[in-house]
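Quick one: the structure is below, questions incoming.
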Amino acid sequence: MKAGIINVTGYAGVELARLLARHPEVKLTSVTGRGAVGQTLSDYFPHLAGLDLPIEPELSGSVDVAFSALPQKVSAEAVGPLVKDGVRVIDISADFRLKNVAEYEEWYETRHPYPELLENAVYGLTELYREEIASARLVANPGCYPTSAILALAPAVQAGIIHSDIIIDSKSGVSGAGRGLSLTAHFSEINESVMAYSVNGHRHLPEITQELRRLSPSADIAVTFMPHLIPMTRGILSACYATVKDGALAAGPKGLEELRTLYVDFYRNDPFVRVVTASPMTKHTLGNNDCIVFPNLDLRTNRLVAIGCLDNLVKGAAGQAIENMNVMFGFPETMSLEALALYP
Amino acid sequence: MKAGIINVTGYAGVELARLLARHPEVKLTSVTGRGAVGQTLSDYFPHLAGLDLPIEPELSGSVDVAFSALPQKVSAEAVGPLVKDGVRVIDISADFRLKNVAEYEEWYETRHPYPELLENAVYGLTELYREEIASARLVANPGCYPTSAILALAPAVQAGIIHSDIIIDSKSGVSGAGRGLSLTAHFSEINESVMAYSVNGHRHLPEITQELRRLSPSADIAVTFMPHLIPMTRGILSACYATVKDGALAAGPKGLEELRTLYVDFYRNDPFVRVVTASPMTKHTLGNNDCIVFPNLDLRTNRLVAIGCLDNLVKGAAGQAIENMNVMFGFPETMSLEALALYP
Amino acid sequence: MKAGIINVTGYAGVELARLLARHPEVKLTSVTGRGAVGQTLSDYFPHLAGLDLPIEPELSGSVDVAFSALPQKVSAEAVGPLVKDGVRVIDISADFRLKNVAEYEEWYETRHPYPELLENAVYGLTELYREEIASARLVANPGCYPTSAILALAPAVQAGIIHSDIIIDSKSGVSGAGRGLSLTAHFSEINESVMAYSVNGHRHLPEITQELRRLSPSADIAVTFMPHLIPMTRGILSACYATVKDGALAAGPKGLEELRTLYVDFYRNDPFVRVVTASPMTKHTLGNNDCIVFPNLDLRTNRLVAIGCLDNLVKGAAGQAIENMNVMFGFPETMSLEALALYP
Amino acid sequence: MKAGIINVTGYAGVELARLLARHPEVKLTSVTGRGAVGQTLSDYFPHLAGLDLPIEPELSGSVDVAFSALPQKVSAEAVGPLVKDGVRVIDISADFRLKNVAEYEEWYETRHPYPELLENAVYGLTELYREEIASARLVANPGCYPTSAILALAPAVQAGIIHSDIIIDSKSGVSGAGRGLSLTAHFSEINESVMAYSVNGHRHLPEITQELRRLSPSADIAVTFMPHLIPMTRGILSACYATVKDGALAAGPKGLEELRTLYVDFYRNDPFVRVVTASPMTKHTLGNNDCIVFPNLDLRTNRLVAIGCLDNLVKGAAGQAIENMNVMFGFPETMSLEALALYP
């Protein structure tokens, strides 16, 4: 099977290339990149030694699946025609994640070029939409923050055991900001420091809210989402807080057992979600496709504290995209994603 | 005036030495340290070049003020007799922070050796207890996390504008774990990773709760406190979340103005608290005694999001201790603490 | 085929487990570890999720190959009996690297427990000793620094184009210091700092000298080796300096071409050495088994400046050990070592 | 006394502001900055809280001393007229460091706008040119690498105890690359990696060579200089290698004693050079103006290994500039530079 990557020169794009290079059923046959046209992949990225594919201005030849790692809007502009031509597409940008066009246009401050594709686009959180993904023509790969937060909260939200006021405090490595230059990704500004950003609303908020509401349509979910930048390259850890409804769980340690059982059951068939009983670290996901979920209770205040952590470029981007491709084409879901995390 | 430091060989102790070395009114005349007796300060810590004071087993000579940077319990055992002898003491350990002995003994799993001193010990958060500190014989210097969180929340709690459910999500550099060896301070384990720890209750929780309740005795403050370790040496940033009471602030941006005015007024006379209008980074406090406080509102959900950040070894430990000493002895509060932050 | 790991609980040991877990021809059947006996691999190392092998006090059952990741001396004590029993062994410690027992005993300050095994032990730098490794019963896996430095210098030394005075200035990440606690691996001491260490002689010096002399027995090679610790987890980069003999290379850029050809030819059949024409970064080897070699000339002073870089836990330890195992058992040399580097 | 800073918005400029803000004899009265005109210093740099000086397009009012932190060429263009107007100038750029105009123009690939000022410009390495600096109108502040390397080598070179072949291997934090955006200062590219750069000749090489030759005019000094970028913000450590002349020092440990005495004597009157007997770390200079020099011998090969380390923004830039100003205006050399290093 043949695959193409649009905009291979960013961090999500090059991670797709790294993972696809070892996929036994897929051959990467075409890659595009703005500003690197004419070079080969291994010229531009020395760690991709041996991948001598030329970087082209547009995908060439026919491909069975195309991944887009372009920024929003230009991504929709690039993949719209492909979808209409019958190529199955996995879009890593935000363009097809929000079902409500007006909401998209408000948050992203642009007109959507292909609103007609939204209806059939599938939100690519594999654990929640595996069936729809299997037959999808266009998959909207989730954001890195939403993947960590939604997976940490989904069992509790769907089961209706928490109140609707939810706080999500996330910490991210810097690679999430991409390969484009900016002062907020400048080494000396970021190293040895931590800060919250997008304090008046991060673009991943509507995506999180949309999905939590789909899990519990009758609840009036109200999310406060606060992302932080911390001095590391890869990794996201989201701590999610909500008050447990009275009587929803047994009192004391027994309630904690019920909570864990709820989570383990929810993710029983998901190869990449690991429900754990001790506080996880992002290092335990470095370079692999796991999302580690740690559901816990603050028994003093009867609050759920659910932590989700992952590698933002793998389960938070390229890895989940390949997982979705595997589902779409009937390959084993874990194919080419078997690597254990790199530790330490 | 003469000062002594008990246990100068940990990070808080050596930071005290660094700051006292340049204090124009105080002479550091005696230091103790377990395991380094016989060496001089500059032998043991090359960056203290020129400080040739010998490290002794016990404080020698008479001192006007003693700082203890010992761990809990052994600190109380060391400073108890000094206080009884009339030496004014600033204790950086947790031993005299909690007013309730039983609570101390439960959280620290030890019997308190000098419970009779608790009544007159003053909690050394300078901004809240400046007057009591001025005449105190024994000051219990606050923890690093509590300093950042209490200062971020105090104006809102005292004014009664928020509900009693409070979430505090803190991120700390590793120096807070001290100079003692442990896997959780081992470079390769901590670098490039983030994790929550003490997930079932950190010892700074009762201290935070005690102080917030003193600010609003009638509210039934219920705090969830979740500390995280991030890969940097110095710095703490605490994000504090609580729902604003209906009508407590005007709707929309006007409410935000009211909130900021409340905070600015509250800290009007505090030289080391800076109330700001943009999200701060811990780097802006590196090596200095400021606590930067950023009060903000999530207008979508009507929630207070108040951020406090500081250098855990300065305002979070040694700097605040010297600030308290300045207050106790009538020196200008900022004396020897004037350094601007080291940036970048 | 069955493999065992002795002392899986250090960084080299756990990296062996990570890499062997995906080897298609080898089954990891037994692991030992001091201090973790009774736990499973995935209990002790959460990133090895799914590896439920118990950690035992001694290897159990029969194995075809055993890896030892013990420290020196105790490693020889553990593998000596295995070798005598006919198990093929790859020893990651330094115990069988030095051919001269007296030199070993001087540098490691201990008596060698199995000097009689030295004669038939093969130095496991795959590129230099592939044939001997193929039939070896005992392979002494090289040190991380020596691998980077010897590979950077071997073509020039063997060709006799440089004088015998050689300077090797190496920079290493902290994981090379292992998982054992020490102040020189304590986060707050190492982060944001660089230092040279072992300034009066590092134990890898005799190993480097031995191997360079074997490449050019008539030259009186005199090496100054200076290792530095830098604030990162994985990676070693060695810069090697030596004066080019008059007339050994053509003048100017043509000489550089000759140099590069010499290196490319030397490593023509080595899948894991990449000879490059631009200054490499350790990041380009993260998690994979490559050693990148960059031969260059300082044309102003007619000096060779050859750089070698690698991941100290992969090509510098566990990866090379598996490469050697592949050679010993007739598997393709790259088997289970195909992963591209993790970037960024 | 009044001082101005030209281009305060880079890292050297802002560090000048930080240090001048606390100078008891100097008032910072005017600052300029490209791209930040109209803001105040504390708007632009929150850590300079309280410094409400406006950032202007040109220096305003009269100043007694001007510091230029502009890049090369534009710096000469800015300070040339000031010098001619009688303002005493300390130029942090490279424009007036090289005595040979042709050499400058070749390395910096530009025509020098004020070659006539070169003759009377003084190279501002305080330890070597204190007297000339005292009366200078124009001081060319040294580069960060040259300061570390020249101070590490000067005593040995001047005493004539080493041969003329010198290798300097330097490791630098990223702040040396400045605040301007580039991929080589992009967090995710630099973090967790080390690389050599400017491998065919760094612009600090001619400066180092010029000064070492002035110390030993008859020797034909030939320097290979190799800078490396390591993942930290501040700090430079240079390891310098050269062969000791036969008989220049006594054999064995006695020679080491002679070497140390030579260094201690050389720097007897220099408040900011600390000659030490153990391998130093850059952390011991963080934020202060020391250069730590560690002279050592590789007794196996009779080679000098001299290490110099410093904070590249302090002794390597802004601190040394203020030290020079102190000398020029008759203030104590250490004034406003007394801070001890920030540790850890």
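By written order: A, B, C and D. Residues from 1 in each chain.
Criterion: a contact is a pair of C-beta atoms (placed from the backbone, for glycine too) under 8 Å apart; a residue touches a chain by one contact, two chains touch by 3 or more.
In this text, all values refer to a predicted model and were calculated from it rather than measured experimentally.
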item	value
Equivalent-chain rotation between chain D and chain B, CA atoms, steps of 5 degrees	180
Where chain A and chain B are represented by their mean Cα positions, the distance between them in whole Å	38
Geometric centre distance via CA averages, chain D-chain A, whole Å	46
Chain C, residues touching no fewer than two other chains	11, 173, 175, 179, 188, 191-192, 231-234, 280, 283, 286, 344
Contact graph of the chains (line, ring, star, complete, other)	complete
Residue ranges of chain A touching chain D (in the complex, touch as defined)	11, 173-175, 177, 179, 181-183, 185-188, 190-192, 231-233
Complex contact set, residues of chain B against chain D	11, 14, 18, 21-22, 45-49, 175, 179, 191-192, 233-234, 274, 276, 278, 280, 283-288, 290, 292, 338-344
Complex interface listing, chain C residues touching chain D	165, 167, 169, 171, 173, 188-189, 191-197, 199-201, 222-224, 226, 228, 230-235, 237, 239, 241, 243, 279-283, 286, 294, 296, 298-301, 303, 305, 307, 309, 344
